[in-house]
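Note that chain A is present in both complexes that follow, paired respectively with chain B and with chain C.
Now for the complex of A and B:
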């Protein structure tokens, strides 16, 4: 019978995993379960629900550091940070609505372990760049820590990086320490209207190659822009290329003007103020444009591709030539979000085949469980790397008790 | 400092190993003569020296692959070496080991402005990357003081940082891809020109791994456009406390400056005597704070920082009027190490990180240790990110002095850990801090790290004796201790 185990302390997490390792009984690790529909379905016998491990343990605003127990809701963290005009620099997405599990449920370790990062990734870095240290229980049933509470640290291997993006297949994090960032004084977004995808990627590249410290760069083709949460964007009736500048007010005003001049050749330019900017980028971050065609409405399958930015438009064109769907671009063209008409095989060969020699990877983020079970959700790895991945898994979880198969078959 | 006992059997087979390596790397690429080997006997931690068994300088990834396969088959240990500027003894040779030097991996392979990346072989110098893109206004952000000499592969292996890392990140935040060779000769590519490598973040793991996991042959890094302008403030304080308060207040006000460096009185005097940067001599602590970006932003930030400095009790504030003066402000800081080298026969450079707000407390205790040991100390500090470099002044020719320095240095590093910091911020553990690892980590923590090592190199052939005080056999580390029995947590809530 499937049981849900809800340890209340790190010590109980240890006992649970030791038991599972001894019995060779797989566990599904859960923060809030908001991303349970992400990844390959895991054949775990029991659930390890971390929700009782919640609470901020240390927050020193002047030191830009925060430690929290594993399943502390991101909402609590955001609220505490907002009191000091601070934020998580990696802008973790709330994919709950996209994945059909509701908004606002994500936990700090859930975000970190999925290496979630939003539009600010291009400047501020990913979740992996903001983890300073953590405590965890390995799949072997051993407690360990790595890192600390300071940014500069090369003392031993950087296991924090390994945790980020491991989807709970290596160890159960019991707490994490992250770097926090000051909230910018002012945020503005410069919009360029009516650029085609390839032109838009060029415009974003030009902006990113300037000295204007762009903190986010996205392109919404007309059909996607039409469902923007920002009225003026939705009403534009055209594709929208968006560039975000953040910082002290005089700097933001100057940079927004300079960007408008720089991008004159690409189309008419508009500007969003701070409040509109926040709403605009939240929707980009959470892939809000693809929520409406979700589970009830025929479930468009959602892919996420990371490619060299200059190749983004070409990759998307190759995919959409052969399939029905929509795309939008983040990270200056380097991150593609695609909603494709559902296919039993997710169209995975065509999607991955579209990635050129320049490299990149594709993840099937939303699809029915039977599709995710049949199709490689994460980019398949070439042989020497796949073997290395398996050995790293074994170094933490030799009995395969933590989220087995969540990322790759057998890992 | 004890290194693993050399294997006499390997030393006895030296000529066979030379012959094997010469089949892979012809001609002068295999170095065997004592005077030529001497060049490689130490790195930046020159107190420790050891002649390597052999040095090999491959030119291609295929050669690196063949060398590693050969060494694996022969059971020969390997020490990877970039430019040898490590201050932690990371490239200290082994009497029974082959030093693999990456000096000939010196080509830039691709400059891609559209994707804002440079692909370079691992032996290219840090500055070489910035030089290659400077004419287009770009640069590579992490700027260690050793940037003229150190290699990008070495930077990756030690996660190097510089004065601009506070705002622009360390190596790990600017690295996008790697080509590396595993001990079995397999060539692996991690990441590329796109963001976030697929699967486990092995790219992040490799960064700071000090040559223990593989040999890096190629590196893809992000480049940035130079800021439109930069100005610096030189702020003097009558106490370390008020300088520390000022740093906290700047960060607390939501300002992340382009650079924020601090020097204490001995460092100020040494630097001023050496380069005449115009530093005030009558202050206890000096901050250099740089604001960069568009003119409008720099003006605004300089004004705010100046106000914060005055509120924090600054006795002296100067703002650079032009580029020449800004560079002059920095010249003293950048020359701090050689400046100390002028006033003392030898110095020992430490590298701990502490929470910023512990600065004054830590400096006070370092001052006490300095008195106790009768050894001078000058402190330079990447104040923005808490990375402290105490330089202990000594004379290696005085018997016992090096030992005293090491003992005092160990006390300083323990102190860093005690106040919530770490043993090394950017120089690496190497041999230097190896035996202090247990002040920060439990036996279980260290074992888990070594299990990761086993996933890459289960025979401990890559850079053994570095970073980890005890080498556990991988078979022993792999064993799972079974806690069988009844369900041991009857109290656990479940549904």
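Now for the complex of A and C:
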């Protein structure tokens, strides 16, 4: 019978994992469970629910640093930061609506362990780049800490980078310390209307190469732009290429104007104000365009591809030539989100086969559990890397008690 | 249980010659030079140095060593500061200096792939006509391979981050000689564990990095520089805190203490105020760098900053920053014939003024002569201790001072090393700082290098 274990302290997490390791009993590790459907279904016997480990432990606005227990809701963190006009720099997505688990449930360590990184990643870096330190319990049943609360720290192996994107398969994080950033005074978005995908990627590349400090660059083909939460974008009736500029007002005004001049050749230009910009980028961040065709409405399967930006449009074209679906681009063309008509095998061979010589990888983010159990959710690794992955897992979790199989079968 | 490493024998030398031909040396002078870095640590020469020219050669060399369980020590430019290149158990040093090709530059994706032996300056010379540059500048003329292996940073970290944020992909020769490519040019690697970043900062203990793909940045349209003296270190640090907090995207902020400023005045015949001084650099559009300098000027004025000066023309900027550029040589000139022992703690910026003040008081009580230079935007500062390496008592005093400094930093929630790394010089401090995490690191080391041949005796004891 599946039992839910709800430790209330880091010490109890340690005892629970030690017990599981001794009994060789696999645990499904979760915070709020908002991303349970992200990854392969794990055949764990019991659930390790961290929801009682909640609360901000340290917040130094002067120092731009915050520590919080594992399952502290992102909503609480955002609220505390907003009081000081600060924010998380990595813009973690709220994937709950996309995955059918509801909005606003995500936790800080859930975001970190899945390395959720929003549109700002191209300038501000990924979740893993914002972790200063953490405490955790390894699958061996040992407590350890890594990093600390300073920005620079080169004390041995960079364990925080391993934790980000490990989906709870190496260790149970009990708290995390992240850097936070000042909220920009002004945010504007320059829109270019009507560019084809390949042209749009060129426009984004040109903008990102300019001196105007673009903090996000996305492209929505017309069919995706039509469901934008921002009325003027939805009404454009054309593809929309969006470039975000943030900072003090005079600087933002100047850069937005300069950007419009720079991109004249690509089509008509429009501009979104701060409120519209925030709504626009939130929807890009949360893959909001694909929520409506979710579980209740036929469940389009959602893929996330990371490729060299200049190859993005070509990869998408190869996939959509052979399958029904929609795409939009983030990170200047380097991140592709695809919603494809459901297929029993997720179309994984066609999707991964479309990735070109520049490399990249594809993750099946939304699909029924039986599909996620049957096809590789994460990009399969070539043999030497796969062996290395297995060795790293074994070093942290030799008995395979933490989220076994969540990322790769047998790991 | 320490297993004694196997030694280099004629059979191995013969095997290595088959791979690299004449590019191999056992001469005492060459080995001696490859067993020392720029630190005060005692050199430990390897038994043989091979000069590799390709990933395949490195793989062959490592395989030959692995079969015989002989240690492998990667060598870039020899600019490390904690004995990272010391061949503590003898073995084969692989000099990667001849792997100096820029493999590819992709301007539209803003990345470049280089061989490990390319230096930072070589890369930026190569990039000159592309409008792009690679910002990480550790000061020394380090190789990109070495900078990756030590997770280097430098004065630009406030705006551009460190090697940690700027390495996109690697080719690595593992301890058994197999070659892996950890990710490719795609920006993000949720394809499994982030092994790329595990190798970044692994100090040659997990594998030999032979090729690196780096993130590049557009050369800023404009750069401005500023200098300002303060009555106290605390006023200077508070200026830095307010600057960062107000969202000014400063590229560099450096602090020189009073002693360092006096040293520079003497060395370069300059007339800076003999007071704690901040050096700023701003990158951006013409308008932005002017605004940023003005914002900082206003903050500094509120905190007692004096003689605020700023400039945008290159020659004027160089003049303003001259004191910072000459800092190390000016310090060394305080005591000719001595070596600089550079410490490397980092503390939360809210404790930085306190830490520097206590450290200055500590120095005043000690016979040591020293100056302080800080990358204050990061809370990282270096005490440059001027020591005579032949005076055992002086070295011992420096060691005691360094230990007090590290413990002071740890007590303030800081770290024993912000950018130099552990090498073999700080292994005990690593244990003091991280305790059980060292066991986790050891497990990773054993998983990836079960025979402990990769740069043994660094980071963790096996």
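We take it that the second predicted complex is superposed on the first by the 411 of 411 C-alpha atoms of A that agree within 3 Å, B and C clash if a C-alpha of one lies under 4 Å from a C-alpha of the other, contacts with A are read in each partner's own complex, and residues count from 1 in each chain.
Here is the rule we go by: a contact is a pair of C-beta atoms (placed from the backbone, for glycine too) under 8 Å apart; a residue touches a chain by one contact, two chains touch by 3 or more.
Keep in mind the model is a prediction, meaning the values are calculated, not measured.
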Chain A as common anchor, with chain B and chain C clashing or fitting: clash
First, second, both or neither for A:274, with chain B first and chain C second: neither
Partner chain(s) touched by A:232 [first = chain B, second = chain C, both, neither]: neither
Touching partner for A:4 - first (chain B), second (chain C), both, neither: first
Partner chain in contact with A:121 - chain B first, chain C second, else both or neither: both
Partner chain in contact with A:18 - chain B first, chain C second, else both or neither: first
Chain A positions touched by chain B in one structure and by chain C in the second: 60-65, 115, 117, 121-122, 125-126, 128-129, 138, 140, 142-146, 148-159, 161-162, 164-166, 170, 181-182, 184-185, 205, 208-213, 247-248, 250-251, 254-255, 258, 306-310, 331, 334-335, 358-361, 378-379, 381-382, 384-385, 388-389, 391-392, 394-396, 407-408
Chain A contact footprint on chain B (complex, rising order): 112-117, 137, 158-159, 161, 165, 169-170, 172-173, 177, 182, 186-190, 192-205, 207-210, 225-228, 248, 251-252, 254-256, 293-297, 299-301, 353-357, 382, 385-387, 420-429, 433, 437, 440-442, 444-449, 451-456, 467, 478, 480-485, 487-489, 492-495
Residues of chain C defined as touching chain A within the complex: 106-111, 131-132, 150-151, 153, 157, 161-162, 164-165, 174, 178-195, 197-198, 200-202, 206, 218, 220-222, 241, 244-247, 249, 284-285, 287-288, 291, 346-350, 375, 378-380, 413-422, 426, 430, 433-441, 443-444, 446-448, 459-460
Residues on chain A engaged by chain C in the complex (per definition of touch): 60-65, 114-115, 117, 121-122, 125-126, 128-129, 138, 140, 142-146, 148-159, 161-162, 164-166, 170, 181-182, 184-185, 202, 205, 208-213, 247-248, 250-251, 254-255, 258, 304, 306-310, 331, 334-335, 358-361, 363, 378-379, 381-382, 384-385, 388-389, 391-396, 407-408
In the complex with chain B, residue positions of chain A that touch it: 3-8, 12, 15-16, 18-19, 21-23, 52, 60-65, 85-86, 115, 117, 121-122, 125-126, 128-129, 138, 140-146, 148-162, 164-166, 170, 181-185, 205, 208-213, 247-251, 253-255, 258, 306-310, 331, 334-335, 358-361, 378-379, 381-382, 384-385, 388-389, 391-392, 394-396, 398-399, 407-408
